[in-house]
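First up is the structure itself, then whatever we jot down about it.
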Amino acid sequence: MADEGRTERGKRLLQSLYSTVGERVLDSVEDIAPDLRSYITDFAFGDIYSRPGLDLRAREIATIASLTTLGNSPRELRAHIHGALSAGCTREEVIEVILQMAVYAGFPAAINGLEAAKEAFAEIDEIR
Amino acid sequence: MADEGRTERGKRLLQSLYSTVGERVLDSVEDIAPDLRSYITDFAFGDIYSRPGLDLRAREIATIASLTTLGNSPRELRAHIHGALSAGCTREEVIEVILQMAVYAGFPAAINGLEAAKEAFAEIDEIR
Amino acid sequence: MADEGRTERGKRLLQSLYSTVGERVLDSVEDIAPDLRSYITDFAFGDIYSRPGLDLRAREIATIASLTTLGNSPRELRAHIHGALSAGCTREEVIEVILQMAVYAGFPAAINGLEAAKEAFAEIDEIR
Amino acid sequence: MADEGRTERGKRLLQSLYSTVGERVLDSVEDIAPDLRSYITDFAFGDIYSRPGLDLRAREIATIASLTTLGNSPRELRAHIHGALSAGCTREEVIEVILQMAVYAGFPAAINGLEAAKEAFAEIDEIR
Amino acid sequence: MADEGRTERGKRLLQSLYSTVGERVLDSVEDIAPDLRSYITDFAFGDIYSRPGLDLRAREIATIASLTTLGNSPRELRAHIHGALSAGCTREEVIEVILQMAVYAGFPAAINGLEAAKEAFAEIDEIR
Amino acid sequence: MADEGRTERGKRLLQSLYSTVGERVLDSVEDIAPDLRSYITDFAFGDIYSRPGLDLRAREIATIASLTTLGNSPRELRAHIHGALSAGCTREEVIEVILQMAVYAGFPAAINGLEAAKEAFAEIDEIR
């Protein structure tokens, strides 16, 4: 029961935040590491994102800041920009978070992050 | 006038967010790089943190996420934990942001960040 | 039942690999983030390290390589050096893994890793 | 004599581990930095990988862990996945090493590494 | 007046070092973060690069070393290779700086940097 | 003969740039990885730093930029600050290189680098 709880909570959250975008990130390695999907669903979303104490809007802001700082996954950054908008952030807020990273992670990281945002916004405009 | 504007805005913000804690970070290199203080005051706070479009609570959440991810400055992370609390975050929210970084930057980064939070909270309890 | 399985598996593994050393890493943030211990026990050890397909000796070699490359947690690196020796690695093998990181992560990372190894070996010699 | 020893040892090792794949990584910058090839052959392979005390299977596991953690060279990661298989690792072992990096370097690094593995496996299947 | 000073100094420097290449880096995010251009012009070039105490040739060498080490922006690295040549560096000097990074940031970072240099040199040869 | 050439060149360079400071960095891991000293002497200094095409002053500037960006070894950064001064840099030039890293690696990295510079200058003043 407890484990189903995590999985169900994680799935619901993933679906509500990223719609089909999050799924696509996970599809890419489904065939060689099928359990990865359940770790992300159960642990990242069922355990961590589901914790009380911080709203989803703030969680997505934190993740966008981290992914801009890391700079290793523009695809995952784009997915979380979708998530941030789903959680109630404005596009302007997303841009401000990324721009601010110039102070901590340097200008190249911020510029790369802004390009990912531009692409994420274009993807959303296309879907509409 | 414009330049005084940045400096004044930056100073006011630094003072309101970090009280004397922020000053101490800058004191350490004052003698060998005196202009660094004005770059941080004018650019980081007078330009970036003063921008409309994102409230200070969200800005501090983004910075805590970035500094936990980078892991290169526990001292600056502690100062921004002070700032987050000044901007209206709860201690629980600060802990949640750092804990969530386990997903993106790995567990060691999250553990280091939580230790910085523990120290920042202890510093604040001492001052009171 | 499933969840107990993860927890029990993780605890047994943690105990067999790190004895009391691993516990101490987690003690440090127990008070401000009590759930972190269960995430590490259940997810990192109960889920990941317990997977078939790679023996524990190889898992610890991979972790030592990663922590030397990251360079953000000499304490966790020392704990995994204990784990590598528990899993059957020789001290020479631990040193070789870290030294090789000079090629990929640079000499400073390798030197820092070797210092952590020296400290871990000294801790072990003291216990004996 | 001594220097020839390093070069010969390095060349033999490079050839046995990576066949023609390793060469291609070095071809790309041959024209602007011709000495790089000899540094990698002589130092990385003639000196480091040739050291006793750690078998090649373990050396490739350590390198795959490091390159997944760094995330800066999917091409070099793919070459070392070839090397790991040449040194006796199974595909499952390669996947396990990369998946485990989620714990230390975060999920985005692990996902990127798994994609490189998928591509490396496809390259090998094509050659056959 | 003071602020115009920074902007004018920064613009002149950007133009003299990178000609139209630098502009293109900034064009990409102009529409979603128009102020980024002025932060880079005013702060990075008007404030930092304009400081006395270090000549532009040495400044570009330092930046090439940093961008090779970071590895997060081959495009910005290419722009600064243009800048280094404009400031009086030879192509050989650019290659030497990047090659040396193998010692500190590892071989993969150096190889990536050398590829960026090769592309930057080809761009320059094409313009001529 | 060739190998002695590298070793002799490397030793002479290490001695001339860092005097006894460089030795101390290597002393720390001498007992557990005695060959590391020869790799640094022979490869880093005998091969790389001895290459024509870039003067030692520029090489030390590049290394200070890289170590400030990496932030993983304040001790090695201090040693290279000694090296930069030996190679003809002024203290002001060292400070400028580190300060400039705020643009690429972020302010926390630059502040940490400036603290290392302050300590290196104090060490030198003490010796005199």
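Letters A, B, C, D, E and F mark the chains as written, and numbering starts fresh at 1 in each.
The criterion applied here is as follows: contacts are C-beta pairs under 8 Å (C-beta built on N, C-alpha and C of every residue); 3 or more make two chains touch, one makes a residue touch a chain.
As the structure is a computational prediction, the values presented were derived from the model and not from experiment.
Chemist: Where the contacts of chain B and chain F overlap, which chains show up?
Modeler: Intersection of chain B and chain F contact lists gives A, C, D, E.
Chemist: Where the contacts of chain C and chain F overlap, which chains show up?
Modeler: Both-contact set = A, B, D, E.
Chemist: Repeat of B-F among C-F, A-B or D-F, where over half of the residue-numbered contact pairs coincide, is which pair?
Modeler: More than half of its contact pairs match B-F, so it is C-F.
Chemist: Using mean CA coordinates as chain centres, what's the chain B-chain E distance in Å?
Modeler: Each chain reduced to its C-alpha mean, chain B and chain E end up 29 Å apart.
Chemist: I'd like to verify one number: the distance from the centre of chain A to the centre of chain E, where each centre is the average of its C-alpha atoms, in whole angstrom.
Modeler: The computed centroid separation for chain A versus chain E comes out at 31 Å.
Chemist: Which chain D residues reach two or more other chains?
Modeler: Residues 35, 39, 43-44, 48, 51, 67, 70, 95, 99, 102-109 of chain D each touch two or more of the other chains.
Chemist: Using the touch definition up top, name the residues of chain E that touch chain A in the complex.
Modeler: Those in contact with chain A are residues 25, 28-29, 31-33, 35-36, 39-40, 44, 67, 70, 72-73, 76.
Chemist: Flag every residue of chain F that touches chain D in the complex, lowest number first.
Modeler: For this pair, the touching residues of chain F are 2-3, 35, 39, 43, 47-48, 51.
Chemist: Looking at the complex, which residues from chain B come into contact with chain C?
Modeler: Chain B residues touching chain C: 71, 95, 98-99, 102, 106-112, 114-115, 117-118, 121.
Chemist: For the complex, which residues does chain B have touching chain A?
Modeler: Its residues touching chain A are 43-44, 48-49, 51, 53-54, 58-59, 61-70, 90, 92-93, 95-97, 99-105.
Chemist: Sort out for me which residues of chain C touch chain E in the complex.
Modeler: It is residues 102-109 of chain C that touch chain E.
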